[in-house]
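In the two complexes that follow, chain A is the common piece, with chain B as its partner first and chain C second.
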Partner chain A sequence: MAEVARQQLVDRLQSDDSASRLQALRCIKNCVIGNRRQKQHYIHLDAVKLLVAVLASPTADAAQLVQAAAAVGSFAASKEGLLSVIHHRGLLHLLKVLQSSEDVKVVEAAVRAVKSVCRTADEPILDVLSPPSLGVLPRLVSLLASPTSNVAESSAAVLACCCDRGREQQNAVAVAGAVQPLVALLASQQHSKQEAALAALAALSSGNAATSEDILEHASVLSSLLGAIKRGRSPHTRFVAAVCLVNLSQHIPALGQEELSTPQGLQQAVLPVLVQLLDADMAENVPGALCQLVEHSAELQLAAADADAVAKLCAILRQQWRAPPVVEGALRCLAALCSKREEQRRQVVDARVLPVVVAALSHQSLPMRAAACMCMRSLSRSTKLLRGHLGDVQLAAPLLALVDEGDTEVAAQAMGTLTNLAVDFSAVKEQLLAHDGVARFAALADSMQPVLRLHGVWGLSSVAYMAAPEVKQSIAHHLPWSSVVALLEDSEPEVREKVMLLLRNMLHSERNIEAVLTWSCNALLEAARDVLQRSEGQAAAELKHHALYVVVNMASSTAAHKEAVMQSGWPPLLVQQLRDENEQVREAAVWAIINLTWSRDGDAEETAVRVQQLRLLGVEEELRRLEQDECIAVKERASTALDQLRALEGGGDDDVAMEAVV
Partner chain B sequence: MTASLRSAAEAPRSTQPLRGQQQAADINRRQRLSGAASPPAGDTCTEPATATCEVVQCPSTPVRYFSPPPCAFLRPGQVFAGRQRVAHSSHSPAPKQENWSVSATITQYDPASGYVAGCMEASHVPDMPSPVTTFFEGEIIDNQHNTFFTADWEACPGTDILHWRKFEPFRELYAEVVRHHGRCPSLASHPYVYMRWKEQFFVQGSECHLTIQGFYYLCMNRVTGAMTGFYFDPSSSPDQKLEMSAVRAGLAGFAFPHYELA
Partner chain C sequence: MARRAEAGNKKRISAEEWQRKLREVRVAKEDMNRVVMNFLVTEGYVDAARVFERESRTAPGVDLEQITDRMEIRKAVQSGDVEQAIERVNDLDPEILEQGHELFFHLQQQRLIELIRQGQLAEALEYAQEYLAPRGEDHPELLQDLERTAALLVFEDVGSSPLADLMDVAQRQKTASELNAAILASQSQEAEPKLPNLLKLLMWAQKQLDEKAVYPRVDNLVTAELHVDGGN
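Showing the complex of A and B:
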């Protein structure tokens, strides 16, 4: 059609002649439906503005409203057209028409047009569906029962779209009474109605306990959904039904009358369906739904792994045509399945998708980078992979870049992964050190964000684990003792615990002890003691545990270092810890006694003094009591310590005598 | 690791199982833990089982199998050092014997799942100018995840019993282990820890003539950390004994590093 003719048609939209206007509306609608180029022409002629004006006109009759709504709906199906519709407040007028008209055909055209807008639009265009505009909800709900072709489906689709906006909108949809008619629609024999109801119920129940409980009040809903996951006509139907069940299973009472009405029963029923759907070439985010199902349940993770989900998810990662949300879902799901299980981590490596995961660490989209980081963190919990395959890929640089992203959650995930990669036996440790890993960790240990502070210190504790003296010197250089003192008083218990772990590792190996003591201005033992005393009664077992191993490691060295422990106020505390309720704490305290009573060639006199001091504190009686401890490890160590004391009494004063009893 | 009977070119560089093999091994493990009396499926062992091993009586009353408590000497960072005696072809008129210096460092220990892993390093290996390092994974015999019956790696109950009985402390468990199909009610209070270590890949020195096809049966004293092991590889030298003791990290005492995976 020539430009002139199009302009004439557009001009006639403002005609005073009702019949002429109607004809122009019909012509334009027929031209643009399914024709992107025609849409562009009419958009440039400002046709959308005039079409919306028809919708807004109080004089427009039903026939004109039907044509105008259909045309606007068609424009909204394209990105450019949608922008024009929104710009001219087309959605608002469509909703007004929908609310005010009693004409069946007008309502049908309007609701279909609104659905078209909803399908195309992203945030924040649909803010119009925010609470102030939610007056249209009762109208949409009433349309769910409409017998007119497509009206109920379109209405359900618009309601689903509302629910996608957030919890407030979900609640408003439920309050408007949508649950009952949606459940009724679910039982419809018409496939299209059933699918529309499923999509709406999935959106309504997503992450919302209140709306999920509303839905669960309807006795038939579970059987309908279970039927749909088994007998749904299309993979899409089975998928959406599965999503509904995943959402609802999280809010169903634990004690159902039948197995399939318990959370576990439902989840076990859904799991194989979702795993099977991983094989289908679907656009839907099946991996994301599976991830939601399994991420908090070790049992379901195992069931998914047994159903070969890891191999299927890896296959998705290898399919380059997959949409980013699906790939992201697959990475998150793999992160969940590999978080605790070594066998699944190996499957990922054997499937040769490690390069895909590494590449995704630098993907342009933040959610993708975050998902890849979660997956890599789970993989990095395998010492086998740390020693082997992970050494073959460049990980330090992309992970450190993620730390700098500014997103705290992503940075924490990246730091967690780097912490794992920093341990001594990891093949990636060298990469990390070459990228100034120590300085980066130390800087984060100073962060205002508790989670980053935690991971900064944690990372340093891993770097210090069995590290060479120069690496420990680097830690001391980048983390001044004043920072350590501040971290030992941190408000977060986990941070305090990890600092203690760092000190424990710094003191491991006598080659480092002098340098570490110099770093701390000889205040390390007292600082550790003060932390323990300050938090006595409320200290986590882990903090005590690491604090005691600070002493154990210090006391494993020279007579001078053992004497430093004796003079630091620790001995009475050690004796006290021999009665701690935690067996690991008791065991650590016994190790400290073993080291303090250990005699080296030539220091028999000093050892005798230490032994005498400890005896005066009642160590021997405590050790005898611990020989009957319920924990075998504690009993074993107590026996060792007592044998050592007896050997000293017998005159054994050298290293050989000590080794003979251990 | 052990000296290979094959040429260096034929020696496998890794024993990473293929997926199918891994699944078969998993199935075997599950069967092993289900208390099946017969040798597990897929067992390719041709070695005759001992008579006592074949006649397995089911305990008449239900028995609770407790796991041994965690052991201080298996914590990450613990180093063991000692030697491996490798005797080539004991049937030849002049059997050749080698002694390698061996050390092992534990990198991971999860008593809850009966898992231990680390690196082994062999030095003074003939024709190797530098040490050979391998990564191993170990199964701790815990009655829950791993029993005394191996069920894969080409070992069968007969092989298992033959090797376990080489350890003096095992002899007091022997009858129980046979009666309980590889489990042992007394294990929880026993002063020794039993393990199998299977080397997975070469970390360093993969060009060596050694093979890591087989695995070690190990017995460790809980109090001293002293460890004895016997290597089993049907295609390699039959007489190989590993003896290691726990190395204390401190100058005059024990020091313990620690890491926590995030």
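Showing the complex of A and C:
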């Protein structure tokens, strides 16, 4: 029976009699408001299409438009209703009515309905601010001053929804003149108006310097916001005000007249509020906002840690009911707080949330996996954790899975973590090797993406560090020398540096040298030399440092290997590096000289020849100059080298013994 | 009286001194007017609010038209016309019942009660099936109340059943008040006027002071006459 009645009502929406039509509109509206089931019934009868037709009809009078708009707004309050409204272009027609109607009641009904659409939609709705709809902005701005209940709030909510769509929309909202009336609403006696204005200002200022500066031109804004973070009626109000301040503080001139109008002053004022709100059981993404605040400031990270933010964030991770974006925010925030500080890393482990972080590495949503990966990367910088706790959890497999994802950013984070895990003392190293880590890293080193190449090579260099000969063999097997040559010529300076580090680590310890020379078809020393010469003095100190240690390691070996260095064209280059501006480079070059002039296994004769060759290159003068070096280590090494030269001169070769292998 | 017996230990404040102290406290007339206007608006005395606005130039802070609506909606529930009340709330602000699940359920419950009261049992049954039953599925927290309400249909004489309370006029008042408070909240207004609270504060403060002093009290809030205790 009810079904029949509904069909009759829907039919009457197309009636010629306008009174009958109006009555049907009212009935349907009253049926569906607050009734999900009734909405479904009417959706199946195609009522939404007919309601939209009323909105679109040029003959519909004000009373009909009010009822139709309210009904469409009610449908939009449910997910399936919203789909139907969008499908029948209901939003577009609501916006048209909103923009062009001269009737106050119609405009009010339309703005409430559009707000309902914005509230239900998970993602920003495309129609709202496609260019043809921008004309609605002046109307929305004018409604901000409406005294009718909820109309100003609805308008502010729609404007906020517009701003969520991006920079262009934010700018358009500001240009339409929204800033001034929104700022005025902050001072409203009615808290719902204040809250709506705060939300709109937060959306308007998010990541946008131009609109933030527009807002900051209003002198009262900062004091209103500072008042709201302290005395805001609800945690929600305080939170949204804090978000506004975080946004604005990034665009305020550094030299304010008072402390609270400088970026630092504002940020220090907001920080305790956000940290405190971490305790409130609220749905809003407080950790995300805190992360945005502290991300780029070591000082604020320290302040947050002092306020016990780590414990609070860990508590959030332990609460399983938290919405994914909040968990993601907490992971990112912990990543920032633990990025440089051992104490905080320890705190995270002690709070027993490591399993949560590890589980999040395999979460279904990519942003969550990325956040967990960032957090794990920060934790993996702790040598203590690498020796202990991190070895107890299965990390290698989920991280390697992340490397294989399409997302370069996430893959790079995962590789960064794996690289940290790959160092010798790490308990995870075994896991990594068991999961074919070497082959996976080597494959990445061939990637077209510079950042992945970098991390691939970096990972291999970590694996090679102090590794057993079998591991090094595996590296040589998976990364052919031709790839090494290509990587030494890579367009990215960082890649060149890390591949040099790989060679240095591969050579470490005498027993590996022959294997490495075989791998490189005896071209190792020349290849390293060429990289240094090609870069014509522009090579980064790190790269030079690693290249010199390739030589240092070679020169620490047998007479034959020392001779190979002498024949490789390195000696003049070594003497030249003694004048390098970087003290570590100078020190490494002195070590190479020391090793080359060191005699062992009864090779006194060969040593004398090498010394003679080096003398001819002017090495003694350079070393004497270095005895006055500003760096103590360089000074001492230079003295050692000179002593060794003098000892050889005197014919004796057994009183000074120094050899460097690093 | 106990108070009198202890009077010897307490500070005694004369009427003149009290008056002098009262005169030192400055309460802005505008503030007083706002308290009065707040009372008129919240309690829904539209005509009085209009006159008071004209005479004292105090802004009501809300659209007085909306107060009329709110009062009529309350009256509709109180007189058993729930359907009309729902329609008028939806005209005023559709969001109130769209978002307020519990309130809306109570209104629907009241509607059912009124149908039963009028003996329209067939309509009541249909209404319960069509509107009330699905709510239990969508909002399990309402199930218990829902079952209790549906049980109304079972009793022949509800008045003598364990559910008699639902049929009572007090239930209408409860529903009407809940709806009134929701409308006020939607307009960002307090559900209670400020004045009664201020008077409660006055009584509380006097009680505190009674422990320490004898002074001219306000015993009768209607006349606000100062009554000096302890034979002065």
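Just so it is clear, the second predicted complex is superposed on the first by the 638 of 662 C-alpha atoms of A that agree within 3 Å, B and C clash if a C-alpha of one lies under 4 Å from a C-alpha of the other, contacts with A are read in each partner's own complex, and residues count from 1 in each chain.
Just so it is clear, a contact is a pair of C-beta atoms (placed from the backbone, for glycine too) under 8 Å apart; a residue touches a chain by one contact, two chains touch by 3 or more.
Because the structure is a prediction, the values reported are computed rather than measured.
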{"item": "Which partner reaches more residues of chain A (counting touched residues only), chain B or chain C", "value": "B"}
{"item": "First (chain B), second (chain C), both or neither touched by A:A209", "value": "neither"}
{"item": "Which of chain B and chain C A:N420 touches, first, second, both or neither", "value": "first"}
{"item": "Touched partner set for A:A2, first chain B, second chain C, both or neither", "value": "second"}
{"item": "Partner chain in contact with A:A298 - chain B first, chain C second, else both or neither", "value": "neither"}
{"item": "Shared contact residues on chain A - chain B and chain C", "value": "none"}
{"item": "Complex contacts: residues of chain C adjacent to chain A", "value": "61-63, 66, 86-87, 90, 92-95, 97-101, 104, 126, 130-131, 134, 137-138, 186-189"}
{"item": "Footprint of chain B on chain A - complex, ascending", "value": "311, 342-343, 346-347, 350, 377, 380-381, 383-384, 387-388, 415-417, 419-420, 423-425, 455, 458, 461-462, 465-466, 498, 501, 504-505, 507-510, 546, 549, 552-553, 555-559, 562, 587, 591, 594-596, 598-600, 603, 631-633, 636-637, 639-640, 655, 658, 662"}
{"item": "Chain B - residues contacting chain A, complex", "value": "16, 19, 22, 26, 68-72, 76-77, 105, 107-108, 115, 117, 119, 135, 137, 188-189, 191, 200-201, 203, 222-225, 248-262"}
{"item": "For the chain A and chain C complex, residues of the former touching the latter", "value": "1-2, 26, 29-30, 33-38, 70, 73-74, 77, 112, 116, 147-150, 189-193"}
